[in-house]
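In this document, chain identifiers A, B, C and D correspond to the written order of the chains, with residue numbering beginning at 1 in each.
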Amino acid sequence: MSDQPERLPPGIANAIDYERLAPQVLPQGHHAYIAGGSGDDVTLRANRAAFGRWAIVPRLLRDVRGGHSRLTLGGMALAHPFLLAPVAHGRLAHPQAERATARAAQATGTCLVASTLTSTTLEEIAASAGPSRCFQLYLQENRIHTLDLLRRAETAGYHAIVLTLDAHLQLPSRSALASGFVMPRECIAANLASYPQSSVPAPALDAGESRIFQGAMRHAPTWDDLRWLMQSTRLPVWAKGVAHPDDARRLQDAGAAGLIVSNHGGRGLDGSPATLATLPGVRAAVALGVAHMIQLLTEELHATMAQAGCATLADITPDHLTAALPC
Amino acid sequence: MSDQPERLPPGIANAIDYERLAPQVLPQGHHAYIAGGSGDDVTLRANRAAFGRWAIVPRLLRDVRGGHSRLTLGGMALAHPFLLAPVAHGRLAHPQAERATARAAQATGTCLVASTLTSTTLEEIAASAGPSRCFQLYLQENRIHTLDLLRRAETAGYHAIVLTLDAHLQLPSRSALASGFVMPRECIAANLASYPQSSVPAPALDAGESRIFQGAMRHAPTWDDLRWLMQSTRLPVWAKGVAHPDDARRLQDAGAAGLIVSNHGGRGLDGSPATLATLPGVRAAVALGVAHMIQLLTEELHATMAQAGCATLADITPDHLTAALPC
Amino acid sequence: MSDQPERLPPGIANAIDYERLAPQVLPQGHHAYIAGGSGDDVTLRANRAAFGRWAIVPRLLRDVRGGHSRLTLGGMALAHPFLLAPVAHGRLAHPQAERATARAAQATGTCLVASTLTSTTLEEIAASAGPSRCFQLYLQENRIHTLDLLRRAETAGYHAIVLTLDAHLQLPSRSALASGFVMPRECIAANLASYPQSSVPAPALDAGESRIFQGAMRHAPTWDDLRWLMQSTRLPVWAKGVAHPDDARRLQDAGAAGLIVSNHGGRGLDGSPATLATLPGVRAAVALGVAHMIQLLTEELHATMAQAGCATLADITPDHLTAALPC
Amino acid sequence: MSDQPERLPPGIANAIDYERLAPQVLPQGHHAYIAGGSGDDVTLRANRAAFGRWAIVPRLLRDVRGGHSRLTLGGMALAHPFLLAPVAHGRLAHPQAERATARAAQATGTCLVASTLTSTTLEEIAASAGPSRCFQLYLQENRIHTLDLLRRAETAGYHAIVLTLDAHLQLPSRSALASGFVMPRECIAANLASYPQSSVPAPALDAGESRIFQGAMRHAPTWDDLRWLMQSTRLPVWAKGVAHPDDARRLQDAGAAGLIVSNHGGRGLDGSPATLATLPGVRAAVALGVAHMIQLLTEELHATMAQAGCATLADITPDHLTAALPC
């Protein structure tokens, strides 16, 4: 792994330090929006707290000199099992956030998952990224637009479609609301800029109709949409947002190439259960930081593996975990 | 659902915001009395904390476009399962509190349960309320007065009698005591104003007699009183304050038309177990707020149902709940 | 129960208010010594927190008009099951503390347990107390002195000997140490004032001997001492400080007339388990307060019994308790 | 046990008071480094909190007048079961820290475990220490240096080799990092000063190689190293850092003379489980304090044994422990 860049922010020793630095470089409202979850942030807090329930049992005297954290995932050769989760509106953090993040992913052998709602087009991101990249898809109201996004992702060399299933309805967090945050006008979804707005305005609701069911959810994806999507692309489709084992089984039967257990980082249904499998959101403000953070995460992984006596990812077993006693 | 009124207080995004606004519009003592429970508020806190023990599991790809939260309860067609719990002394919050609350209930298809101890007569409330309304009854020392209340409730078109069973003895909360709150003279129980005070003063207690057992509890309702009540009215009688399964069974056998699991919102026996089934008390100061709060609660319900993949109340099953891990 | 005295301190609504008043009327060091436990006060805190693990299930519609909390205990007719635990050095709180407490016990039908280490003699306390009184005994180094204490307690009409078994070694709490508290010279153990100090000074410890085992514990009571004590008095002997079921069985077999589960109010071994059975220490500064506190405790008991649907102590069953959910 | 020295710091009543005194006598960075663990100090906090999960059940009326805490451990006669854990860089606390600690151990019959990384040579420490002493060994990159350390420890009369197995990789705590602490130049590892630095510089890492696995861990001890070590010394070898029962069994089979369950005081893998068996680190600044702290710990042990009714260490059984209820 190459030397660290020279112009890193001072005082960064662990990956989590970038999160603590964020309020210093972001406007308050931007930070509240990015750092918040939804509602009262119950799920956001639960996501982190869940890690406190487990402890790692060190094993002794094992030879870990040949150790590494390499793996192959969906046909992609990765240096480590950390993926960069899709993040909307990167411009909120920095005008170059998404291109810089893509370069950082390339430099560190990291798989990048580009969001439908990036401030930079998927083609521009692909030009900066390394070979390991996926495209996160939100189904569009107009299937012609969805098909166009699929064609573009295929052409730009994305390896897979990551279909988000659990966040058609995103309620802001109370802390973001309290900050008075509104999305800046310059934060457009670059991928969708060329598609005309729907010529059919949202229908007025009749008395007794629901702003949720007959409003926001009228275009939420269904099992039929998933089948149509899989028939419409040659790329494998991963399902993101899985929480219930029955849904997991049905998605597998339906042909999903991968399942991502996630609660949208606590930004979906507040009150949904914690997941241990979601990566911390990408919150750093500058490109050096992204590469550095991935490097730090990888070294923290290597250090933990080494101390736990695991030379490769395959050496990590449930036997290394024990319940942490409540304090 | 109609547009929101124009003059809502600012900064209200969730139903709970109304509770946080309350100290700004109420005198301190009034707020302490309304917001407090009893004793050290142990049960009051437990009521809320109990919700933290459960998480809702999102389900994916279900078609919820026809979703709603309508239900029929006790013959009443309701837009949602939130009822307005009986609240005594509405004048403490606002001179028009009870009439405005009744109009809000009508506007939002909500069932109103009017308290025996309102500052407005049950007839006045009925004139403002929609068709879905019940009358909460405290048994009076003089059965003639109780019978008169029943006749008046029947005449005023109430659908059911909600008999409160668990709050004959209400000890104030320590925080309300510390605030120096005393009930203002203008807060009279309008429904009872026409009944003469008992001509028999409370008997002096002999040595060894108890201010509780031989004092406050000497007119508390018994199973005999419940039988008499049911024979004395053509309205169905719901029992409010049920906590023990044996009592629930016996009340059902005795012919109660409904059971309301409740600990009087933490205002009865401090130290009794939490209930998940009690609605947050009505604490907002103005009428717009009541309708708005019900609207917000309904939309929060719709949003949660939609994210959980439930199109109707009947779709909600225990399978959607999982224990939240302690943090 | 008679009217409340006129000169009670203001702001007292619950028994626990007396505890919160104590720092206002006691010198800081005195309060730290009285309110503290031992060591880091772990057991002291656990004693109180243990109550939070239980909730009381209200029962409905029971006829409790004949309710009371009377009981017979060890041949004594008591108005309620609260006993006044033995407290040493009452003069720390007030010069008249022990006589006033005795009068309060008499006025409220309360059993008083007088400590060996009171600032007032057991004869003076007996003169103020009602018929329900016990004498708490610490075994003296010289058995002649112990025998004399027994004779005096028998003569003064105490009903039972309460032998403290778990507090021969009492380490002060760190908070009391930090306050700089030292026992004032005027706080003498009045009962022991007539006994000459041991003519044999404490033996110097050899190298390797322990200030605990060969020092403080060299006169701690043993099973032989208990047997000797029982043969030496016609009064029943209750054992105080029981924590382990095996000790409880052995004490019962040995003829103990009563067992008091206690950890010396958290003033013995810090780190011993919580008990639910110990009464809050007597901390109020004036006599009115003692009677008032007992009256408040009794009314709180009656209110809880009434709300729980229990007319007598015999009606209280385990079915009224349920585990409080952790919050 | 001899009288306490005259010049102890004021306000010291319990062993833990020395820890609270430490920030007053140490530079902030030194204290942060000494008091911190690793990472976010999760394991450091868990180590202490784990004690809160257990309570000690007092037993009554046992004769403990012959009580003591003596034991024989690895052929060493000890006055109590507290050993002084190996501590690196004693000069950080005081220039005489290690010699003074050795004298304190001698005065109190305490076993001293001298670290490889002391600021004073093992020979100088041996000259100040009593007969109960062990040498903590970190395997050196060059086996010739390890062999020399073994010869020196044998010659200096150490009783056993304590081989640390779990701390080849030590990441600093975030609090120490935040304090800006860097090891002062005068804090050299005196035992290693005579060994030439490795003439072979650390190899440059190829792309894809890990700073952890191919870097810091390339000389971490393996089972082969343990076998070699045992064949290379006539001293018994104790294994320090055991956490997993399988490792414990394998170490026993391999001939380890003792097993020390430890997580390096929370300074190794942050997130590893709590141990109850590690002694609080030696943090006091002056020699009087060390002896005094050991004396205090011993008396606290004696007091707990006495109150629990245990005359000797052999009397302590699992029956004396009970789970402390969560509060």
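Simple rule for what comes next: a contact is a pair of C-beta atoms (placed from the backbone, for glycine too) under 8 Å apart; a residue touches a chain by one contact, two chains touch by 3 or more.
All values derive from a computational prediction rather than experimental measurement.
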item	value
Most widely separated chain from chain C, with each centre as the mean of CA atoms	A
Inter-chain centre distance, chain B versus chain C - centres from mean C-alpha coordinates, in Å	43
Inter-centroid spacing, chain D versus chain B (mean Cα positions, whole Å)	61
Set of chain A residues in contact with two or more other chains	52, 326
Contact graph of the chains (line, ring, star, complete, other)	ring
List of chain B residues in touch with chain A within their complex	1-2, 11, 13-14, 16, 52, 55-70, 79, 299, 302-308, 311, 319, 322, 324-327
Chain A partner contacts - residues on chain D that touch it in the complex	39-40, 42-43, 45-46, 49-50, 52-53, 165-166, 168-169, 171-172, 174, 177-178, 205, 207-214, 216-218, 220-223, 225-226, 239, 241-244, 246-247, 251, 263, 268-269, 271-274, 326
